[in-house]
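A, B, C and D are the chain letters, set down in written order, and residue numbers restart from 1 in every chain.
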């Protein structure tokens, strides 16, 4: 029996608070979980800085990756079990791609990617295809298997239906994270009847479709997603932490480029600063390492780096006001001048942050985050795009919503022991 | 109005997955939560290495501390509200002591305390009484207030009833951690009707007693505790990770003492190794820092340190067999010799670990972990110790249960490329 | 101390699966619960025939009435506690009105009201104002108190704010039934963060408004409501049972009017048939009584009555097809003729049923079911109607959705032992 | 393909609040559910009079029967799936026996069985074997199939392993009712990790055993059971309602035997009174019918019948005091005399009720309710009885606990408008 069909002598289970149990029977899956690249995901939080807003959100990407795997396992083993044209190879491909889809995520991905122009999807590919333990396991299946898995994750595979399990507008990835993030944050959004959705999924030509009778469960899922975005993912306090984190990275880079002499050398960051990052360098980065540096940098001489690191580590965040960039750019310029006068570098202490979401869309060609629309399988066998059938989904479909906030260090502005007049002017402008 | 009575303009709430919301109205509490010593608890996991067994158990002591505070708040504000002799000062004392009771916990406390002979309770006292932000906040209430809070936590206060809220056999600490750890691990134990228990708590002379009608809820709580100990806290896989962690610390100390030249200097550890740890040193330790070192040490020259660190970071743990120290000491000696021969230092690779629990006890004078027994308030006004009334509790009361396991690196023993014969002998002895 | 302020010596609690506990401290409330008119609600199911679709939905209106009371109690005791202008009398009025708002519901209200032109609101008024145990309890508070309570329920009181707790688009009635019906049916819809909504409710002039920060929780509530309507309340199988029930009542009335000699005399129905129903007659009706008659009528000579009763009692319901009255009226006529030929009285065996819902509306003057819109209290103190702020609510606001189905006895049509040709024609027309 | 293997074209699901979904694929099961005898279970409450204590407990035996079926389905389809020697016939036998095991339950079984010396197990057998729709469905499988199913339920079948799924100390019956009754009452007891227990069940020779690793889950189950008995099933208020119900039946019988002329003839009761009950008579009894009579009898001339019926219908129950029959028989005799003097027939108004439970037992030969003990499958292949391994279970094993209460009409005794002196004497004796 080949490695790809090898089963564990006794099924292994992981106790999972969201899916109750994650079941593993395939040796390949078990071996992938044991690789150091996969274990590394334990040191990367699923929701980055969100734990500073919702203290329960301390769960890792390891957690989520197992969850995505488990959902796919249920679909391929229980739901698609006796459907035609679903091969053993497609099954394993789907399971591996689900498990590994986030493998390339780094610490606080959002900020790091922005500042250093990285792309976690690139590193997922690189980790699967490079000289890694993960690659070695996958190659035991078949020489070409790493490539096949990578192509599914990259959405370039011709196995469209396997792709659609992992990246569509109702894929295993989203179904897991909505429920998991709701569970750990403790919010009451994020619930929908996944069991029902799984029961009404059907492989149909090159995609997974949803039987018409499950439309309401899908509506509920889309509403959950909408609420999670605005209540959790784009929470303004979380964004404040992101702003500070981004500014720390900017400052450290700037100092490095200016030849600043660090007390704690930024060893792990140098290839990032110099844009010479190798896969090996990248995989050494995790949130423990980053937090180590930030804590060391609390003792740096540079006042800005020191202050921002203290703010992040001790959760002394920026406050915010609503901000309309279209109308208030003049005010921003004025504030900038006043901040400068007050000795607060506006580049670091006066920050506009925008969040934007498209709750559901049926067709968005050419967009970076383009995901497949949801199709219903009607009783008469016809396929219809969801928003044509659902009034509620139609109502929110394609409506991008954006939110802008202006962040600043309120504690400093409230302290009237220095620069009293300027601070008062600033406060008046900010209306605080 | 004094600082101690100062209320926030608008009540603050934390979304909490266990208690739904944590409510804060007192300025003192709000300020304590904002201190850097309290924020540090975010970087210390509530259950140490348990996340390597139950992947959901990634929650921090910050989480738990807020939970304990919230339970006490409900007791003092809702249950004891109109009871006589419950002063505003006692209220604030109880809230602060609940919030801060775990303040001195370090990273992976269990192992660190064992290896370096530390005591987190000592550091809780030191952090409250020393030159810290927490101390500064408490001193604003009253010069003596830090001392009062510290005494409640140390159980030396004469406010016995306040102590009993935080350390008895049915205190806010245990009620929070049982529920919280169950929630994050996802196990189905750990549930009991806390709301009912709170409703039947009564302050009675110097202790909190439970109305007789609540006895069954208390039985349920004790059974929960029993199950959580054996199913979660003493899980043999978690103990395997503890064993490795302990051995890393031992090895690093040994190397340091022997003048080994580290590639990554153990800067944060030196005062631990030299037994000159200050409060400031101690508060710099957290799990991010420890994991940073462990990852760096994966590249050390010393094979044992390197191997153990890799095992811990990548979760390549020891396996175990049942072990009866009373009967099998000879076998252990034999194994020790064989390990030595096989080139595996038995001090690091052949480890007996014991766990032991006393599910409930009515009277254990002089024991280190001595907690007050549970008393029932009978309908006729009499006070009776729980195990006299409850058959189930009586049945398990005072029965210490102990479990011994022998840990070893199975992967090494299974690899027959070297030392084949000796390894086989070892495997025979271990019956694997 | 007057009766209205009298407190129970010890608070009574009801264990409630939805709100965990229902707390009663007022003697008046305790006494109302003990009246026979209130206890009668135990014999009337909250969801009528829904238990034939969702077997868990066997809960009574007694259940729901306690739940509504408890929500109001939390609002008036916890949320509005220290708000100005909220008197003790308003408090008791709100509690009583909440508890009693459904008092006049009869067995399977929906069908009975339709067939006999009854109105449960009329009987709620009559029970509160008539010679009943409930009236006697309320009169002990104050001679006028029954009238005041009745006016709040009838929405004619000038205490607009008390009314709005019980009947607005986000009142205690709806908040209880959505959660309760979801709990008992077991569906995953119907969840929303009530605790959050209660926390952001504010009395504002003559209404209860919602602080802007709670808007998302309200959106979630409205989506829950929408899903519950279409997934549970208007479920086509439940409507099939309603159709049969309605037809039983029609048939019994018709037979009575035609002088048919019943084996089981319809004693409890006579005043219904003759339109001479007294309050006393009405209060004797409950679902046990109705089911008794239906079971006895399974042995009647009249074939239609007998068949319909058997169908209802043994859950042998009608099947259905989609039906568009605007386009398919001709088909209906044809079917009617064919049914007649097949010996199936079309009046009883070929039934169009329509359901229709308005998920949220901001302004519907003059409609029978008119409920107050939801108003947000903005940060700047302004009051805004919900759909002006919420895109999602705006999208579904005022959009009435209607669903038509055609019901028929499939078992009969599938049985080809008689009338083979006609039945085949019918099946072709129905496309089954 | 024979009827026994016939599958529904599309799997049917029932939404179930406890197991989420109940899945039906076998035509036989679907047809059994549709029989009028099975539908009759909708009109019989699972917990009899418990709804008068826990208002949520309005769920029917229909509910529970589906739940038992579903648990067995999961065991036979998922857990035992690929185990040897588990035939298709055994599978169907287990499913049918599980579904039908409570088929013979009558209204308020406990009281009816006591007063009229009935036995629901007898009627389960009779309904399966007699001329019923259920029998007709089973006979379509095979002429002998009704007998086989009946024998499994009667525990006389030689398929010991099928029996053990339905009646052992850890069978599908108990696992469903503990969870279901906990869900509907809303108590926090009754939870245990059924999914884990199912996963560790193994068919072993003639019984189902539990893998040793599942011992803690089983302990938890036994503790749940213990708590449910004392917190829910033997609740003294529920027993008060049982007492009254029993007395109504006694009184009606007595009146009938004495030739009393009823306003509402006890038609459905006559064969009960005369001990000539046929299966057909029995199946006509349900709780709607009983409640109909009780409501009609509220208007009887006989004062005792009238009073007791009013008490039951309007929940005006008896109160109780603790009572020790061994020590207080004299007091009971005194009270009896005083009740007589006060005009209260002591046979109806002064009632001792006892409840008794054996939480777990390993061996109870010859007892009526004898159930198989729980056996563990040890790692070494040995089979051990649970209480030998589990300290907790050992502690409570075989310990019968009994509770006695004395019930009386407090309202009457408190009303001093008549018999003031005697009532005072009674109250003194009762210590109320």
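The rule we apply is simple: contacts are C-beta pairs under 8 Å (C-beta built on N, C-alpha and C of every residue); 3 or more make two chains touch, one makes a residue touch a chain.
Chain by chain, the UniProt names read as follows: A, B, C, D = HD superfamily phosphohydrolase.
Predicted model only: the values in this text are computed from it and were never measured.
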So which chain is the furthest away from subunit D, centre to centre on CA atoms? A
Between B-C and A-B, which chain pair shares more contacting C-beta pairs? A-B
Give, as an integer number of Å, the spacing between the C-alpha centres of subunit C and subunit B. 51
Centre to centre, by mean C-alpha position, how many angstrom separate subunit A and subunit C? 44
Separation of the C-alpha centres, subunit A versus subunit B, in whole Å, is 31
In subunit C, what residues contact two or more other chains? 20, 187
For the subunit B and subunit A complex, residues of the former touching the latter: 14-18, 20, 34, 36, 39, 42-43, 51, 54-56, 58-60, 62-63, 66, 183-187, 284, 286-289, 291-292, 295, 310, 313-316
In the complex formed with subunit B, which residues of subunit C make contact? 13, 20-21, 195, 199
Residue numbers of subunit B touching subunit D in their complex, please. 187-189, 191-193, 196, 216-217, 219-220, 223, 226-227, 230-231, 391-392, 394-396, 399, 401
